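One chain, chain A, appears in both complexes that follow, with chain B as partner in the first and chain C in the second.
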Partner chain A sequence: MSDLSVEFDGVSKRYKYFSLENIHLELPTGSIMGFIGANGAGKSTTIRILMGLVHQDEGTVRVLGHQMPAAQAAAKLDIGFVSEDMRLYGAATLKWHMDFMRPIYPRWDQSYADELARRFDLKPQQKIKGLSHGQRVKAALLLALARRPRLLVLDEPTTGLDPVARVEVLGELMAALADEDRTILFSSHNTLDVEQISDQITFIDRGRIIDSDDKEVFLDRWRRLRLILPPDVVVPSLPGVVEVGGSGRLPVLTTNRFEPAMVSACNDLGATVQAVDTMTLEEIFVANVHSRRERLTA
Partner chain B sequence: MNYSMVKSLIWKDWYFQRQAILLALGGAAVSFGIVVFGGQPGFTIGLILLITVTVMISAMTMIGNTIGERENQTLAFMMSLPISYVEYTTSKILGNLLIFVPFWLTVLAGSLALILVSPVIHGFFAFAIIMAVEILVSTCLMIAVGLVSESKGWTISAMITGNLTLNIVGYLVAHIPGIKEGLYGSAIYWNSTATILLVIEFALIALLLGGAFFIQSRKKDFI
Partner chain C sequence: MHSDIVISQSDGRPMYLQIMEQVKQRVAVGEWAPGDEIPSIRQLAMDLRVSVITIKRAYLELEREGVILTQQGKGSVIAPNPNLSPQVYHDELSERLDEVARLGELLGLSSDEIARRTREAANRLNEARLNEAGLTKEIV
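Moving on to the complex of A and B:
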C-alpha cells in the first residue's frame, strides 16, 4: 500500500481563460499540507480534481489508493471535505444533517459529533439558515470530522471568519491532527492560518506549482540579508537570490538558499552584513511569486 | 451502482419537497372537487387546474431539487458524499419521477374515473391517456434539460416549451384520423393509432432520459 494519500502526476486542466499545468503533488499519509496561492491561482481547481468533481484533461490522480475520478465514490468514503463555497441545507437542522450522514459513513462517530457541537457552541436543533457564517463553517467542519476521515480536504475554510471563530476552527483542526494517520490538505490565501497547522507547504501561482517543501525547510532557507556596500563595491553574487531590493548602498537581498557561510562570503567581497532577517511564510510566498513572475516576463 | 446511496439522496429530495408535494396534492383535490361538483363549466375549469397543478409540481420539484442545489451551493456538499456523478444523475431522475409519477398516476386515474362514470364523455378515454402521457413527456423534457443545463432559465424554457407543445399536441391528436372519430362519442374505444401515439411518447421519454444520462456521464466538470 502506498504511503502517499494524494498523488498528482502531470495533471493539467484547461479552461478558456485559465489553465492548470503539469501539476505534480505528493501528500504523504499523516502529513498536513498547507496549499497556498492567491485568489484564482488554481487551489480550488486542484482540490476539485482531487475530489473527482472536475476531471483532469491530462495526468493521473490517486487519492487514498483510488484512481480519480473513476473511483471517486470509494475515495470520498474516507474524505472529509469542507470548502468556502460549500453550503449546508438551510431549511434543515444540523441534527438532520447528522442523521442523514450517519448511515452513509461506517466510521461516523456520533459521540464525537455531539462533543464538537458542544465545543463549537452549535445547537443541533437549530436550522442552518439561522446560523452565522462562522457557525456554518463550524457545522460543516463538524460533519467532516465526525465521519472520521483518513483525508481531510479543506478549501479556504477560514475565509470570512471573525478572529474568534478562526482561532476556534484552527484549534479544532490542530486537535484533529492528534490522529497520526490522518492526512490534511489545507488551502488558503491566509498564510498565518496555514503556518500554524501545516508541516508541509506548497505554493501555487497562475495554475502552476511553484514550490513545495517542508515548512521548516522553507523557514530555514529563506532569509533577507541587509547589506551595507562601500562606494566601490557591487552587490555580491550569492546563490539563490530571488530579489534585490533596498537602495543603492543599502541593498536587501532575498535568498531561498541561505547558508550561514553567506555572511562571511559577503564580508569577503567587501560588503557588510547589517542583519540577516528571518521571513514569515507570507513574505516567502510573496517573494516566491514575484520572482517567478519576473522570470516569466524577463 | 450504490443503490443505498441513491435511495438516501431520493429520500433527501422528498424531504425537502414535502411542502410542495402536499400543496400540489391539495390543489389536485380542489381541482377534482371543481370537476365533480362544478357542472359543465366546472369540468373544463377543473381539468385546466389539474393540468396546471400537475405541471407545477414537476417544475417545483425539478427546480427545487436540482437547480436549487446549484444556486444555493449545496451541490458541493452533496458531491462531497461518497457518490459518483452517475449515482447523482440516477438519484435526480428517479427522485423527480418518484415525486411526479405517483401524483401523475393519481391525477390520471381520477381523470379516467371521471370519464368512466360519465357515459357522455367516454370517447375522451384514449385522448385523456395520450395527453396524460404527453404531460409525462413534458416533465421528462424538463428533467433532462434541467439536469444537463443546470440552469433555471433553460429549465423554465423547457417547461414553457413543454406546455406549448402540450397544447399543440392536444390539438393535433384531437384531429388525427383514428382519434377524432371517437372523441365525442359515448363509447370507450382504443385503436392502433392510439397505441402508436403512446409508443412514440414512451420512446420520446426513453430518448430524453437516456440522452440526459448519456450527456451527464460524459460531463467533466460538476461544480
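Moving on to the complex of A and C:
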C-alpha cells in the first residue's frame, strides 16, 4: 500500500474565468494537511476534484489508492467529507441522520457517535432546522467522524464557529488522528487553526500551488531581519530575500531561506542586525502570495 | 501521565521551543524524575491540540540535548542523567543579557550605565519581595 493518502499529479481544470493549473499535491498517511488560500484561490475546486465531484481536464488523482474520478464510489466509503454547503435535512433529527448512515457505512461506530454528541453538546432528538450554525457544523462533523473514515476532508470546518466550538472541533480532529492510519486534509483561511494542528501546509493562490512543505520547515525558514545600515553601506544581498521593506537606513528583509549564519554575514558586510523576527503562518502566507504575484507581473 | 503543558499563542516563540522549555522546567524542579515516562508524541499532540510534527520536533531536540530518551515503539522517558538544572537558566540569562546589552547600545548607554540599571532592577525585585513578605505578615 502507498503511504500517500492523496496524490495529485499535474492536475488542471479550466473554467471560463478561473483555472486550476498543474496541481501537485502529496499527503502522507497519518498526517494533517492545512490547505490555505484566499477566497477564490482554488481550495474548493481542488477538494471537489479530490472527491470526484468535479472531473479534472488533465492529470491523475489517487485517493487511498483509488484512481479518481473513476473509482470514486469505492474511495468514498473511506472518505469523510464535510463542507460548508453540505446540507442536512432540516426537518429530520440528528438521530434520523445517524440511523440513515449506519447501514451504508460498514465501520459506523455508534458508541463513538453517542460520545461525540455528548462532547459537542448535541441532542440527537433535535431537528436540524433548530440548530445554530455551529451546531450544524458539529453535527456534520459527528456524522463524518462516526464513520471512522481513513481520510477526512474538511472544507473550511472552522469558519463561522465561535472560539469555544473551534477548540472543540480542533480537539476532535486531533483525537481522530490518535489512530496513525488516519489522514486529514482541511482547508481554511484561518491560518491560526492551520498553524496549530497541521503537520503539512500547502498554500494555494490564483489556481496554483505556491508552496507546500512541513509546517516546521516553513516556520524555520521564514524570518524578518531588521537591519541598521551605516551611511554608504548598501543592503546586503542575502539568499531567499522575497521582500525588502522599512526605510533606507533601517531596512527590513524578509527571507524564506533563513540560516543563523546570515546574521554574521550581515555583520561582515557592515550592517548591524537589530533583530531576527520569527513569522506567523499568516505573515508567511501573505509574504509568499505578494512575492509570487509581484514576480508574475514583473 | 497528564502533561499540564500550556502553550501560548501570543508567546512569540515557536511552539516546539515552548514545549521543550516546559519539559525542561518540569525536570529542573523535579516534577519529572529520571526514568519517568512522558506522554507519547501523539498523546501530547492531542492534549495540546498541536500538530504531531511540532511535538516530534520538540522531542527530537530534547533527545539531542540528552534530556529525554526515546525508544522506538516504547515511548519516551526522562534520561537517567538529564543534567540540565542550572544550565537551562544560565543559557536563558545569557540570552536576556545579550538583549539588554543590545537595547542599551541602541539607546546609546555606556556599559557602566547598563550595569547600574541592571543593579536597580535587582533592587526593585528585592524591595517587591520584602513588601510582599510584610503584607503576608500583616494578614497573618
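Here is the rule we use: the second predicted complex is superposed on the first by the 298 of 298 C-alpha atoms of A that agree within 3 Å, B and C clash if a C-alpha of one lies under 4 Å from a C-alpha of the other, contacts with A are read in each partner's own complex, and residues count from 1 in each chain.
Please note the rule applied: a residue touches a chain if its C-beta (ideal position, glycine included) is under 8 Å from a C-beta of that chain, and two chains touch if they have at least 3 such contacts.
If you're wondering where the values come from, they're calculated on a predicted model, not measured in any experiment.
Annotation: superposed three-chain arrangement on chain A; chain B versus chain C shows no clash, the two fitting side by side.
Judged by the touch definition given at the top, the superposed model places A:Gly171 against chain C, while chain B stays out of reach. After superposing the two complexes on chain A, the angle subtended at the C-alpha centre of chain A by the centres of chain B and chain C comes to 150 degrees, rounded to the nearest 10.
In the overlay built on the shared chain, the residue A:Leu53 is in contact with chain B alone; chain C does not reach it. Shared-chain residue A:Ile104: touches chain B; no touch with chain C.
In the overlay built on the shared chain, the residue A:Asp214 is in contact with chain C alone; chain B does not reach it. Shared-chain residue A:Ser198: touches chain C; no touch with chain B.
Nowhere in the superposition do the C-alpha atoms of chain B and chain C come closer than 26 Å. Chain B makes touch with chain A in their complex at residues 2, 4-5, 8, 12, 15-16, 72-74, 76-77, 79-84, 87, 220-223.
Those residues of chain A lying in contact with chain C across their complex are 30-32, 167, 170-171, 174-175, 177-178, 180, 192, 196-200, 214-216, 219-220, 274, 277-278.
Chain A meets chain B in the complex at residues 48, 51-55, 72-77, 79, 81, 83, 85-92, 100-101, 103-105, 140.
By the touch criterion stated above, chain C contacts chain A in their complex at residues 9, 12-16, 42-43, 45-46, 49-54, 57, 102, 106.
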